[in-house]
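Listed next: structures, encoded as structure tokens.
Shared chain: subunit A. Partners: subunit B in the first complex, subunit C in the second.
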Partner chain A sequence: MPTVYVTYTPKNNGKPPENLISAQAGKETLQLVPVEIGSDKLNCIQAAQRAGVFIPHYCWHPALTVVASCRMCLVEVGERKPDGSIAMTGKLVPGCQTPVKDGTVVVTNSQKVVHEQAQTLESLLLNHPLDCPVCDKAGECLLQDYTYEFGRATSRMIDLKNTPANKPDLGPNIALFTDRCIMCSRCVRFTREIAGTAELQIINRGNHSEIDIFPGEPLDNKLATNVVDLCPVGALCSKDFLYKHRVWNLKTQNSVCPDCSTGCSIHLDGNKNIVYRLRPRENPQAQGYFMCDEGRLGYHYINSKERFLRPLRRQDGKLTPFSYDEAIRTVRQMLKDAVAKDAFGVVVVLSPFLTCEEAFLLAKYAKSLSKAVQLALGPVPIVGEDDTYPKDRRGRPIQPVKFTIRAEKCPNRQGVERILRHYQGQLIAFDEVVRQAEAGKLQLLYLAASYPPRGDGWLTAEQAATLGKVGQVILHDLYPSRASEIAHVVIPGGAFAEKDGTFVNHAGLAQAIHWAITPTGECRTEGQVVLDLMQRPGLLHAATLRKELASEVKAFAALASGDLGEYGILLDSTK
Partner chain B sequence: MAEFEPVLLRRILKNASPSLEAYRADGGYRALDKALAMSPADVTKAVVDSKLRGRGGAGFPCGVKWTFLPKDHPGPIYLCVNADESEPCTFNNRILMHQDPHQVLEGMIIASYAIRAQVAYLYIRYEYGDATRAMQQAIDEAYAAGLLGKNILGKQGFDLDVYIHRGAGAYICGEETGLIESLEGKRAWPRIKPPFPAVEGAFRKPTIVNNIETLACVTHILDRGPEWFKSMGTPADPANPRDAGSYGPKLYCISGHVNKPCCVELPLGVTARELIDKHGGGVWKGRKAKAIVPGGISMGFLTADEIDTKLDFGSLGPFTKNGCLGLGTAAVTVIDEETSMVDVLYNICRFFEHESCGQCTPCREGTGWMLKIVDRIRKGLGRAEDLNILEEVGHQIGIMPGTTICGLADGAGWPVKQAIRKFRAEFESYIKSGKKTHTLQLVAAH
Partner chain C sequence: MPIPESDVKWVKTPTIGWVEQMYIPAIVEGLRTTVRHSIATLFGSGARTQEFPEVEPKLPANYRGVHRLNRDEKGRVKCVACYMCSTACPAHCIDIVAAPAPKEWQSDPVHGYPREKYPETFVIDELRCIYCGMCEQACPVDAIELTTLYDLTGLSREDMIFDKEKLLAVFDETTKPDAKYPNPIRTRSGKLGPASELPPDQGLTFSSTAQS
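Presenting the complex of A and B:
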């Protein structure tokens, strides 16, 4: 088995690994952690990572080409001979560019390496303004972190720093603080290799190098804001987040972007019941390392003041608030009465924005009232066609595809469909519901909608007019819309940031979402509302429900443990 | 030595016409005939046997470089000719291209035959307008005479097209992978190696990058044989296995504070004293030399005591007594005793700060920092510890310690390190004296 050896640096509180070995390299004794790499092609940084040793780096990123220019990851390498002795090359090499093979020894803590790391950091800070108190990145800045861990306490430079002018309008969503830049060129490579649009370049030479755009061509593509995450320092800032919040006050939850069926893994950063930003979370099973700007910047509706805060019922043609408990009692009674009268005339519509758990509870509840109750899938928003990247300069997609923004603008059609198929055999599309309403066959419509406000609304004017003929309409939704105009009872819904549950993306990957904020006012998530309707006591616990779902719905059997892990679990495809 | 007859400058010193007709009358393209009668492998072997070392600065054995090409590569293979002669005070390539272009072109054709290249790019720095025009005219003449194009001189299957590419004036384009990037139309950021250009170079194909003077030597090696070439210069030191010897003629450029700045051709191994006194007409104004730059400013300094150092590949180097970086381009610059080393160092730092490509952190930031420190010292605000910082930074940047991608940083750090080590007393007394020198706005550098 090919094995790589990485030096072990004792830490204050850590215990040394058990497989630690001692080896002699010239006069020095090295403490080495052996790590098996199999047939993987790794560089020193990746191999060390597997051994639990961190090699600092700026310019290297697993999704981008290697340029080996920041010189932060310098290490010494050698080879462990079969007799156990070690021959070092005696030269510093960039870890990102140096592949490891069987017997490679990576030295990350020799005097030479430690000195060079400090030296590189001192160099990077020579022209860095150190304006951390007003910098958005402070707290999650790699320049801060590495300087603290590997750098010197003081700089020896007493001369004036270079002060290139800031570029606040690099793009509609991005500002460049030119002086903070450390020239790792990750952003430039991203626009060339992943987006393909190549808006960014480096201008000037030497220590006057700057990131810039071509005149009149702003950094404006659908993936542009990823450069903010890629930027290891505070040079590229998202205007959406700029000066909004200090990052160390943010609480981060793992979640999934609900804006298209790609289902990008994200970090959801919020504080005090306000969502401040979405960031992509690395997930090789879902989207990779990035996310699109539509998803990233599309969260503002969560914090909106327009949202329904209390249950409403129609009295004298106007929606008037009433209490949550009364609302639950009313809705339960309406459903019971309607089912008793004509169960075939009761339709429950599940939107593809519901989590699997919510869809499962609602479907189970509806079918428990009567097998005859119809379950239908809500409108699936489709906008244009799948949008793939990289693109060339003329906007034509090129192969191989590295990122796809999908036309299906909802997170969980796959999951909801699987549940509907289980409970009903065949899938009833929303158009069929409208047709039945037109024919006057329906007496009660239960719309579990909770669509985010996009475009013209989720219901067309014609659909709304037709559905308005149904005697009773119960609606879960976030915002006043055409649907709420025809609803008799409105129960405020929850947004994805308020929910615990499961989304299934286009490829059948089930990923967990977690709540970062709680629903405001008298809002409850749909899942909680259904639990209350079912008179199941307690709060919604996603893992428990997931186990129940896995045991009852065959399509979800893979989730039996209830834990989806960081990257999610692929369900068997139903295709 | 006195009987040495110039080879590379033979026609130039006679003021011979650069035309193809005149070149042929002087025995030109005889070497090409000889080469085409041999197999490409034999041509390569002749160059390997001659122990010709690259004249561009690094002194890598030319023939050995050719053998690094992958065997039986389906092609295309490229030859890039480095005429981005940007080391300060170096002007031998310009003379060769401008006044005897066919000599260079013949070397290019021979090299292309040896490495099986069918396209050769001649990368000329932007400033060499006359040289570019002379080369272009030579190329046009060669096409008309069947020396370029298809089936050259009737040799079936040997095709060669030569293109001139003009640089835009950057020092870094003289670095071989920087040159290739620039040739491909990109920013001249040197590539990480491996892969070396011989394996993957221009347009991701095997590429050989050679200097103009190297290729001019190839012409004469093929004409007169490797043994003739090896009869000149300094033989390899048998006690030092690292020394590959310094054979053949070399164009030395003499400039700075001498009476007669010039370019002379001498066998490798001439001393700095002989160059200055005999060929440069001595130090000007009856002064003495304080420091001598042995091969372009990136190579460091020789002090007046080291004036008897032989200027060849073996006598200059990081492991020799004088500690210079190497022979470099053999452009000797003399600095007289009345010149302040602070000013000299300031000028050098200014050059490298301007020319660092900005890719690797240590070089990008280090060159800027060194300039700021030297500038401050010059303005009378220096501190004693600044010298230590300069020496440390100068020592730490470059491929020799492994902190950068290309050798520009070695060249930027070396003169700083050497100036501080060899002239520390002068810097210290300057700092103590509180003297102030104001920076002249030099327009020419930009």
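Presenting the complex of A and C:
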């Protein structure tokens, strides 16, 4: 097996790894951690990472080309001969640009390396304003972190610092704090290699270099805000989040973006029951490293004041609030009566925004009332066509595709469909429900909708008019809409940030979502309401339900452990 | 970063024997102090009480009383809304809402840098505060200070929740030429901290900038 050797740096309280070996390099004794790399093509940073050693780096990013310009990752390399002796090259090399092979020795902690790291940081800080108190990145800034760990405490700069003007309108969503930039060029490479639109460039030379755009061509593409995450410092800031909060106050949960069926893995940052931002979370199985701006900035509806906060029922034509206990009792009774009268006339519509657990509970509950109750899939929002990146300057897609924004604007059609197929046999589309309503065959409609407010709303005016003819409409939704106008009972819905559960993306990847905030007002999530309807005691526990789902629905058998891990689990192929 | 094991000192609670467990020595010791003070007050010159409010106490200049929010040279709130104080506050009694500074502040550099961020609201619950002074220590621009104003009263709980205007009013009150409260001595009141200042461009000396 090809093996690479990385120097071991004793960690606080950490035990040295068991396979540590001592080797002689000239006069020095090196403590080395061997790592097997198989046939992987790795650079020193990646090899060291596998050995549990961190090499600081700025310009290198696994999704971008290597430029080796920041010099933060300098290491010494050598070779371990078959006889166990080590020959060092004696030079500092950028770890990001140096591939490792069998026998490579990576020295990350020699005096030379440590000195060089401090030098690099000092020079990066020469013109840096150090306005951390007002910098949005403070707390997650790599310049802060590395300076703390690898840098020196003082600067020897005695001249005036450069103070280039800020560019608050670099793009509609992005501001550039020019003086904080460390010229790693990650942002430039992103716009050239991933977005392809190439809005960004470096102008001027030497310590007057600046990131800039062509006049009148702002950084405005559907992936643009990714440069904010890529920027290791506070130079590029998202205007949506700017000055809203300090990052150390945010509590982060792993979740999945609900805005299209790509199902980008995300970090959901919230505090005090407010969602502050969404950030992409690296997931090789889902989308890679990035996410689109539509998803990233599409969360504001969660914090909106206009949401339904309490259950409502129609009295004298107006929706009036009533208690949850009563709501649950009423809905249960309505369903029971309707099923007793004509079970075929009862339709439960499951939106593709429900989690698998919720869809499972609801389907199971509906079928337990009577096998004849029909389960249907709610409208699946489709907007335009799949949009792939990179694009060229004229907006034409280029191969190979590095990121796809899908036309299907919902997170869990795949999951809900699988459950519907299991319980209903064939899939009943929403149009079919509307047709049945038109024909006057329906007497009760249970709409588990909870669509985020997008475009013209999830129900067209004609559909609403037709469904309005149904005798009883029970609705779960987030907002007043055409649907709530025809509903007889409205139960507030939960947003994805308030739910624990599973979303299945376009490729059949089941990923876990976790709640970052509790439901607003008195709200209960759909899953909790169905549990209450079923008279199952307790709160919704996603892992338990997932196990139950895996044992009852064959399509979900892969989730039997209940734990989806960080990256999710691929269900069987969809086609 | 975790604290290295070598920096941790483990301290054992001292064991107490049966004599101490009866607390009699401790009670006697306490009573002794009480009696000593009573005698000193009655017969000697060791009176510890003052006729407040007729006689105003002379508090040391490092007394930690009501907070104030300082103003910069242009009379604007000096705070840059960095949340350091609210992060440091052990009583969680500071609430800040930050916002981009008004347009005029952004284009008009006072200290080399234009002001980019400022507190839209800044509220301290003076009832919850334990007057520890951590906020003052944490502030990178010396915008928040604990003054020597001690006679703090209010008619309701709401009265004691100080907003930005009230905290700035405390600044105006305590910096009047004839203010009866001495300026706090802990901070460099008036001057902006290093985070909001450019390095001086005149009279450069190596030592004055080397530490910034």
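In this text, the second predicted complex is superposed on the first by the 574 of 575 C-alpha atoms of A that agree within 3 Å, B and C clash if a C-alpha of one lies under 4 Å from a C-alpha of the other, contacts with A are read in each partner's own complex, and residues count from 1 in each chain.
By definition in this document, a residue touches a chain if its C-beta (ideal position, glycine included) is under 8 Å from a C-beta of that chain, and two chains touch if they have at least 3 such contacts.
All figures in this text were calculated on a predicted structure; none of them were measured in a lab.
After superposition onto subunit A, partners subunit B and subunit C are found to sit side by side with no clash. Looking at the superposition, the partner that touches the larger set of subunit A residues, subunit B or subunit C, turns out to be B.
By the document's definition of touching, of the two partners only subunit B reaches A:Glu116; subunit C does not. In the superposition on chain A, contact of A:Ser22 is made with neither subunit B nor subunit C. In the superposed model, A:Val66 makes contact with subunit B only, not with subunit C. When the two complexes are overlaid on their common chain A, residue A:Ser39 makes contact with neither subunit B nor subunit C. Contacts of A:Gln535 after superposition on the shared chain: neither subunit B nor subunit C is touched.
When the two complexes are overlaid on their common chain A, residue A:Leu126 makes contact with subunit B while staying clear of subunit C. When the two complexes are overlaid on their common chain A, residue A:Leu74 makes contact with subunit B while staying clear of subunit C. Of the two partner chains placed around the shared chain by superposition, neither subunit B nor subunit C is touched by A:Gln399. By the touch criterion stated above, A:Tyr243 is placed in contact with subunit C alone, subunit B being left untouched. Put simply, subunit B and subunit C get as close as 7 Å, counting only Cα atoms, in the superposed view. Overlap of the subunit B and subunit C interfaces on subunit A: residues 156-158, 160. Interface residues of subunit A, counted against subunit B in their complex, comprise 66-72, 74, 91-94, 97, 116, 119-120, 123-124, 126-127, 156-160, 162, 182-183, 201-202, 204-209.
By the touch rule above, subunit A contacts subunit C in their complex via residues 12-13, 129-134, 138, 148-149, 154-158, 160-161, 163, 166, 242-246, 248-249. Every residue of subunit C that touches subunit A in the complex is listed here, in rising order: 1-5, 80-84, 87, 98-100, 112-113, 116-117, 140-141, 195-196, 198-199, 201, 204, 206, 209-212.
For subunit B in complex with subunit A, the touching residues are 170, 187, 189, 192, 353-362, 364-369, 372-373, 376, 385, 389, 396, 401-405.
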